[in-house]
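In the two complexes below, chain A is the common chain; its partner is chain B in one and chain C in the other.
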Partner chain A sequence: MDYSSTARARTSISTQVYLIAGLMLLLGVGALWLFVTGITDALMHRAAGADFGAVLLRYLHVNGIILPLIELGLGLYLIRLAARFLRRDLRAAMWVRQLLLWGVVASTVFVVQALGSALATQMAATEAYMIPVIGVILALTLTYAYLWIGSNIEKFEGQETLAESSARFAWNLLVPTLLVLVFVALRPLEKTFIASLTDQRFAAGADAEVNFVGFDNYAKLLGVRWDLVQCTTDDTGACAVDESGATVFPRARDVLDETYRDLRYREISTWLTLGGTKLIFSARDTNFIGSIGNTLMFTVVSVTIELILGIFIAMVINSKFPGRGLMRAAMLVPWAIPTVVSAKLWTVILRDNSSGILNAGINLIQRTLGLPEESIAWLARPETQIIAMIAIDVWKTTPFMALILLAGLQTIPADIYEAADVDGANRITQFLRLTIPLLRPTIAVALVFRTLDAVRVFDVFQVVLAQKQYSMATYNYYTLTNSQQLGYASAVGVVIFVIILLFTVAYVRILGVSAE
Partner chain B sequence: MTTMTAAQSPASGAQHPGQGWRVARRVGFWFIIVLILFYTLFPFYWAFNTSLKNENEVFATAYLFSQNPSLRNYELVFQNERFVRGLFNSTLVAGGSTILALGVGSFAAYALGRLKFRGRLLMLYAVLAMTMFPQISILSGLFSIVRDLGLFGSLSSLVVTYPLITLPFTVWTLTTFFKGLPSELEQAALVDGATGFQTFYLILLPLTAPALVTTGLLSFISAWNEYLFALTFTTINPSAQTVPVAIALFSGQVQRQDPIAEVMAASVIVTIPLILLVLYFQRRIVEGLTAGAVKG
Partner chain C sequence: MLANRIARPESGALGSAPLGKNRVWHNVFGYGALLIVAAALMLPLYWMVSTAVKSPAQMFEIPPAWIPNPVDFSSFPKVFQEVPFGRFLVNTIIIVALNIVGHLVSVTLIAYGFARLRFPGRSVLFLIMLSTLMIPYHVTLVPRFILFSKLGWINTYLPLTVPAFTGSAFLIFLVRQYMMSIPFDLDEAAYIDGASRFGVFWRIILPLSRPALMLVIVFTFVGTWNDFLQPLIYLNDPNMFTVSLGLSFFQGARETNWNLLMAGSLLATIPPLILFFIAQRQLIGGISIEGLKG
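Moving on to the complex of A and B:
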C-alpha cells in the first residue's frame, strides 16, 4: 500500500527483464545440452567397448556435423545475449526482440503443423490437442515479451548505429533463406556423404545396425581394370578360329586371377585386338560405369550441337522481320513444357515401325529412291537410344539456347559492323573477329548452365529408357528406390556431385566466370 | 542508320546487290525461318494429331493427317482420376512453392541488394552455388530426411523441397533488380521516419512487381515441370502425384499395353496453359531468363 507507483513500475520492469533474460538463458542452455548429450552418448558407446571408428560413425550418423555446430554456436550466442540483456544493453535488447519474433513465427508454424497432424491421425482429443495448446501458450508468451521490449525500449541503455541496425535487419531477412540452405541443401548433402560410407538400407528398418564400410561403396562403384587376354589355342598351338573366321577368346573370368571373379568384375568392352591378344575393359558395376559413359557422351554431343545450332538460329532471328515476336514465343514453347511431356512426344515420333512418323518419312524417302523400306528401331538398339536422347534434348533446349544468345547478340552495337563493312571485312571475318569474341561472356554462361544441366540429366532417360540404359542420375534413382540401398545410392550421389564440381571448377578457370 | 545488324540482315547483303540476288536471299531467309518453326512446332502438331486417333490408327502406318479425328481421348483423360488429381496437385504444389520462393526470396534479395553488412558477399556466393547445386546428388540424403519427418508420399514433401530449385534463381534475379533501383528511395523513406521493414515492404517491394511476376512465372514453370523429386517422394502414394508423374506412369482407362493416344491428349492438355502463359509473358520470360546470362 505504501510504495509509490514509480517504484512498482521499476520492480515490474526488472521482473520482466529477468524473465526474458531467463528465457534466453534457458534456450541457450538447452541448445548446449543437445550438443553435449550428442557427445556423451557417443562416449558411452566408446566406454561400452566400441572401436573409435564405429563411435565416430555413430555420432555422424545420428547428429551430423552441421546441427551440432549450430547447437554450439546458438547456445553460446544466446547465453552471451542473455548476459548483455541483463545489463540493459540496447543492442542486445534489439536482437532479443528479433529472436522473439522468430520464436513467435516458429511456434505458430509448429501449432499449425501439430493441429494438422492431430486432425489427420484423429487421436484421442486430449492427447492430440495438448501439443497445440502448449504451442499457443508459448506463442502468446513470446508475443508478449516481444511487445514488452518494443514499448519499453527507452529503459535500455546505449545506442544502435545505423550500420548496426541495417546489419541486424539484413540477417533477419536472410533467416528463411538460411533455413532452406541448411535444411534442404547442406543437411541432405552431409547426410548423403555420411551415408555413402555405410551399408545402410531402407528395408532393414530404422533401428537396424548400420555398419561403417569405409570406401567400399566407392571401390565397388568405380572399380575398373584393363586386362590382356590370350586367345584359346587349338592343338597346333595357334589361335582357334570359329566358323566366321574370328579368333576365339576364352571368357575373362575363366582365365584371369581370382580377384576378378571374387570381386565380380564383368567385361564391358574390348578396346584392342592385336593378333592373338586382346585388351578388355571390365568393371565391378558395369551399369554405373556405363552410365558415366552415356552421360558424358550425352553431355558433350548435345551441348555442342545446341551451341552451334543456337548461334545459327540466334543470328537468323536477330534481323528484324514481321512476326519476330511470335517466332520468339513459339521458340519458348519447347522450353516451357515438362521434359516428361517432350519425352513422351518423341517416343511417339520415334516409334520403331512405320507407325512412327520419322520412320514413315524415312520409308517414304526409301520408296522414292527405289530402296528397300527399312525402319530404324530408334529406342530398341543401345547405339540409337543415346542418339534419341540427344535428339530429344537438342529439340527441347536449342531454342532456349538461341534466345539467350540472341539477347547477347542484341547488346552488340550495330555500328561496329558498319565500321567493319567500311574496312572491307567480309562476313566470315566479321563473325569470327567480332561476333564470337563479343558474344563470349554470353556463350560462357549458357555453356556452364547447359553443361551442368546435361550432366544431371534424369527426366528423358527415366521416361524413355527406364532401366534399359542409365544416365548417372537414373542409376542413382533406381539404386535408391528399387534396391533400397541407401549407402550405395549415396555413394553414386557423391560421385555425381564430384563430377559436377569438376565441371564447374574447369569452367570457372577456363572461362573466368565471376559472381558479381 | 539502320537498326539491323549488318552481319545478319537479309536484304542489306552483298557489296553489289543485284535484284535477283536480293530475292534469292529473301527466299532463303524465309525458308530458314519456316524450317526452324517446323522443327520447333512439328512435335506439338504430331502430339495433337495422335491425340485425335483411335487405338487402331495409332498402331497403323503414320500419315500427316488423321483419317477420322475424334475427341474421345480427351474425354477419357478427363475421366482418369489420377490425371485430374495430378492437375490439382501440380497447381497446389507449384503455386505453394512459388509463393514461398517469392516471399523468402524477396526478403533475402532486399538484404543482398540494398543493405550493407558483413558476410554479404559470402551469402551471395552461397546463393550462386545453390543455383548450380545438383539436386540429384543429394537425392538419397533428402529422401531419408523426408522419410524421417514422416512426409514421404505427401504433397508437403514437394512444397518443402522445391525451394531448393526455385529459391536460388529467385534470390539471384531479384537481387539484381533491387540493385538497379535508385538509392534515393531509402533516404527519402528514412527522412519520413519509416522503419527498415516499412521501407522494404511499402516502398521498394511494390517497385519490384514486374520482376516478381517474371521470377514467379519462372519458378511456377520449373515447379510445375519438376519430375525427379515428384517421382521419388510420391511413388508410394498415387493420390499425391503431380502431372509429370501422372503422365509418365499413365495407364489407360481400359487395361491395355500402351495408351499412346490418351497420353498425347494429356500432354496437349498440360501444354496448352503453358503455351498461353508463354505467349502472353514472352518478353518478360526472355528478359528474366537472360538477366543473369547477359549482364552476369
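Moving on to the complex of A and C:
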C-alpha cells in the first residue's frame, strides 16, 4: 500500500467535501438573507412613518407570500443539509447529489434560454454572451461536484433505506411539475389575492395610485343581512292592504337603520311572511350573491344528472350488443363539438318562438293532444335560463363523465359477477351491491373533477346568457372588463377559489379520496 | 394467479349473460332507455347537419324545417375555399400530437410517483397539485400571458405545447386513481425478482394502466382540438391558426354564416370521431389482454 497517495487522496476528499458543503451553506444563507432583508426593508419603511397598509402592500408586491416561505424553508433545509454532509452522512450526500443534478438541469435550461435571447436581440457580443458563459461555468462546476459524489459515495457513512431512496425517486419525478405549478398557478393566485386587498383598477396608467383597502372588497362582495319589516299601517292601526288584497310593506331602505342605505343594501327576496311581518334577505352586491345561487344550483343539478346518465352510458358501452362500436363512438360526439359552437347551436334550438326547434317540438305535442299551443321563452325567463344552461351542460359533458366511469369499470374483476350470478343475485342487486361500491373511487374522481369544472363554468353562460344572468366566473369577467375594477374582480376570483376548495374538502371527507 | 386476478373479459350489466325469460324484459327496457338517451344526444347533432345543408331562406322558417329541401352540400367545399381550412387541420394535428406525447410522458411518471411511492410530503404535494384545479381559469390567464411574452414565446406553438410536458393536474389525478387500483403485490413480486423502480413502472404499471392511458390520449386530443382561448391569445398569424380558431371566421361581429359554421364544425368533429372509434376498443378490456400475456 502506498501510504502517501492514500493520505493525499484523503486530504483532497476533505477539500471537496468542504467545498460542496460550503456551496450548500452559501445557498442556504443566501436564501435566508433574502428572507430577512425583505422583512427589515418593510420595518424600515414603517419606522420612516409609512402607514401599515402601505408597508404591507409594498412588502407583498416585492416579495409575495409564497416566495418568502420558499426562501425560509429552503434556507433552513440547505443549512441543515450542509451540516449533515460535513458529518459524512450518506443520506445527506445522496440528497446533495440530487440537488446538484437539478442545479445542472436548471443552469442548462438557463443557458439555452439566455443564448436564445442573446441571438434574438443581437446585442454587442461580449455583453450578451457573458450571462450564458457564467451559466456554462456554473453547470460544469455542478456537474463536477455531482460526478465527484457519485464516484466517492463509499467515503460516506450510513445507509439509505428503501423508503428513503424511493422518496428521493418520487421527488425527482415531481419537482419539474411543482415548479411549473408554482409559476403558472400558485403565483397568479397569490397575485390575485394581493390585488383583492386593493382598489386597483384594470388597465389604469402606471402612475395610478393603488390603495390598500384591507378586506373591504370582500365585505362588499359578501355583505348580506336578514331583516324583519313591519307592514304599513292604516288609520285603524291594522295592516294596509292593496287592491289585490296583499299586505302593503314599506321599502326596506326607508324603514331600516341608516347603515342599510349607506352601504347600499338591496332586497333580493322575501323569505317568510307572517301576518304583518316579513323576513327579507338583502345583499350589498345582489348580482354576485345571485351568481353564487345560480352557480350552485347549476353545479348540483347538472353534476347529479350527468353522474346518473354517465353511469348508465358507461355500463351500456361496456357491454356487448350489436352495433356497439358505432354507439360507443356516437355517444361521445357531443363532447367533441367545440363549446362555442354547441352553445351557439343551442341558442337556435331554444329560441323563444316556434322557430326554435324545442318550442316547435312542444307545440307539435300540444297540437296532437289538442291543447292550446304555447311557446316558452327559454332564454328570457330567469327560472328557465338556468334550466337551459343545465340542459346544455348535461348534453355536452355526460359523455365525458361516461368515459371516466368506463375506465373505472375496467378495474372491476369479471369473476365477481359470475360468482354473484351463481349465488342468484339479480342485476339490480349486482348493480347496487357490487358495481356501485367497487366504482366508488372512480365516481369520486369524476365527481370532484366535474364539480370543480361546473363551479368555474364560464363559456356556456357567456355565449348564451351574456349579462342576463351571471355565473360566478362570468360575473368575475364582466366586473373586470366592463367596470374595470381589478381589485374587486380579484376578490371575486378568490371567493370562487374558496368555494371550490370547500367542495373539494367535503368530497375528500365524504368519498374518501384520501391523499394516502 | 396473476392473470386471473386482473383478467377482465368484456362483460357488462346489460346483456352479456345468456338470455333468461326475465332477461328479455331487462333487455327491452335497456334498449328502450338506450334509444331515448341516444335520440336526446343525437337530436342537436342532426340539427347541425341539417343546418349545414339548408338554404339560407330555410334557415329560420317558422315552424322550423325538419328536412332540408333542397339539400345543398356546397358548404363543405366552400369551407376550404373561404379559409385555409386544410392548413388549420394540419396545424391542429401537430399541436395535438405534441400535447399527447407530452402528457403521456409527464402524466404517467408523476401519477406513478403519487400512486405507488411513499415519501414524506406526499399528501401536501398532492393537495397543492389538486388546488390548481380550483383556480378560476381567468385568474391565471393574464399572468400566464405575461410569463410567455417575457420568454418571447408569443406567436409560436411553444405556449400551446410545452406546458403539456409538465403534466396536467386533472390527468395526473385520473391516472393516479387508476394506478392505485393495481394490486401492490405485483410491485413487490417484481422487486423480489430484481426489477428496478423504473422497471416496475415500465413493465408492470404502464401496461396495466392502458385504459387510463387511452383516456389521457382521448382527453388531451379533445381538449387541445377544441381549445379556443389559448390559441386565440397566443397566435397572431392566421397561417398558424387552429381549427377551433378558424371556425370563428364564420362568426362575424354582425352575422353568423350558419351554413359554413356548421359545415366547418362537422368537419372538425370527424377526427375526434375517428379517434373515439379506434380508442373504444382499447378502452375496454385492455387489462385482460395484457394480464393474460404476462
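Simple rule for what comes next: the second predicted complex is superposed on the first by the 341 of 516 C-alpha atoms of A that agree within 3 Å, B and C clash if a C-alpha of one lies under 4 Å from a C-alpha of the other, contacts with A are read in each partner's own complex, and residues count from 1 in each chain.
Methods note: a residue touches a chain if its C-beta (ideal position, glycine included) is under 8 Å from a C-beta of that chain, and two chains touch if they have at least 3 such contacts.
Note that the structure is predicted; figures quoted are calculated from it, not measured.
Student: Would chain B and chain C fit next to each other on chain A once aligned, or clash?
Tutor: By the criteria stated at the top, chain C and chain B clash after superposition.
Student: Output check: A:33 vs chain B and chain C. Expected answer is one of first, second, both, neither. What do you get?
Tutor: In the superposition, A:33 touches no partner, neither chain B nor chain C.
Student: For A:271, using the defined touch cut-off, is the partner it touches chain B, chain C, both, or neither? Pick first, second, both or neither.
Tutor: Neither partner.
Student: Of the partners chain B and chain C, which touch A:445 in the superposed model: first, second, both, neither?
Tutor: Touch partners of A:445: chain B and chain C.
Student: Which partner does A:462 reach: the first (chain B), the second (chain C), both, or neither?
Tutor: first
Student: Applying the touch criterion given at the start, work out whether A:345 contacts chain B, chain C, both or neither, answering first, second, both or neither.
Tutor: In the superposition, A:345 touches chain B and chain C alike.
Student: Would you please give the residues of chain A that touch chain B in one complex and also touch chain C in the other complex?
Tutor: 163, 166-167, 169-171, 173-174, 176-177, 180-181, 183-185, 187-189, 191-192, 313, 315-321, 325, 327-334, 336-342, 344-346, 348-349, 354-357, 360, 395, 399, 403-404, 407-409, 411-412, 414-415, 417, 421, 427, 430-431, 435, 441-442, 445, 448-449, 452, 456, 458, 472-473, 476-477, 480, 490, 493, 496-497, 500, 504, 513, 515-516
Student: Quick one: in the complex, what on chain A touches chain B?
Tutor: The contact residues of chain A facing chain B are 163, 165-167, 169-171, 173-174, 176-177, 180-181, 183-185, 187-193, 195, 202, 313, 315-321, 325, 327-334, 336-342, 344-346, 348-349, 351, 354-357, 359-360, 395, 399-400, 403-404, 407-409, 411-412, 414-415, 417-418, 420-421, 427, 430-431, 434-435, 441-442, 445-446, 448-449, 452, 455-456, 458-459, 462-463, 472-473, 476-477, 480-481, 486, 489-490, 493-494, 496-497, 500, 504, 513, 515-516.
Student: Would you mind writing out the residues of chain C in touch with chain A in their complex?
Tutor: 4-17, 22, 26, 30-31, 33-34, 37-38, 40-42, 44-45, 47-48, 51, 60-64, 106, 109-110, 112-114, 117-120, 122-123, 125-140, 142-144, 147, 151-152, 163, 166-167, 169-170, 172-174, 177-178, 180-181, 197, 211-212, 214-215, 218-219, 222, 225-226, 228, 244, 247-248, 251, 256, 258, 261-262, 265, 268-269, 272-273, 276-277, 280-281, 283-287
Student: Which of the residues in chain A come into contact with chain C in the complex?
Tutor: Chain A residues touching chain C: 113, 116-117, 120, 163, 166-171, 173-174, 176-181, 183-189, 191-192, 309, 312-313, 315-321, 325-342, 344-346, 348-349, 353-357, 360, 363, 395, 398-399, 403-404, 406-415, 417, 421, 426-427, 430-431, 435, 441-442, 444-445, 448-449, 452, 456, 458, 472-473, 476-477, 480, 490, 493, 496-497, 500-501, 504, 513-516.
Student: Okay, in this complex, where on chain B does chain A touch?
Tutor: 1-10, 29, 32-33, 36-37, 39-41, 43-44, 46-47, 50, 58-64, 103-105, 107-108, 110-112, 115-118, 120-121, 123-128, 130, 132-145, 147, 160-161, 163-164, 167, 171, 196-197, 200, 221, 224-225, 227-228, 231-232, 235, 243-245, 247-248, 260, 263-264, 267, 270-271, 274-275, 277-279, 282-283, 285-286, 289-290, 292-294, 296
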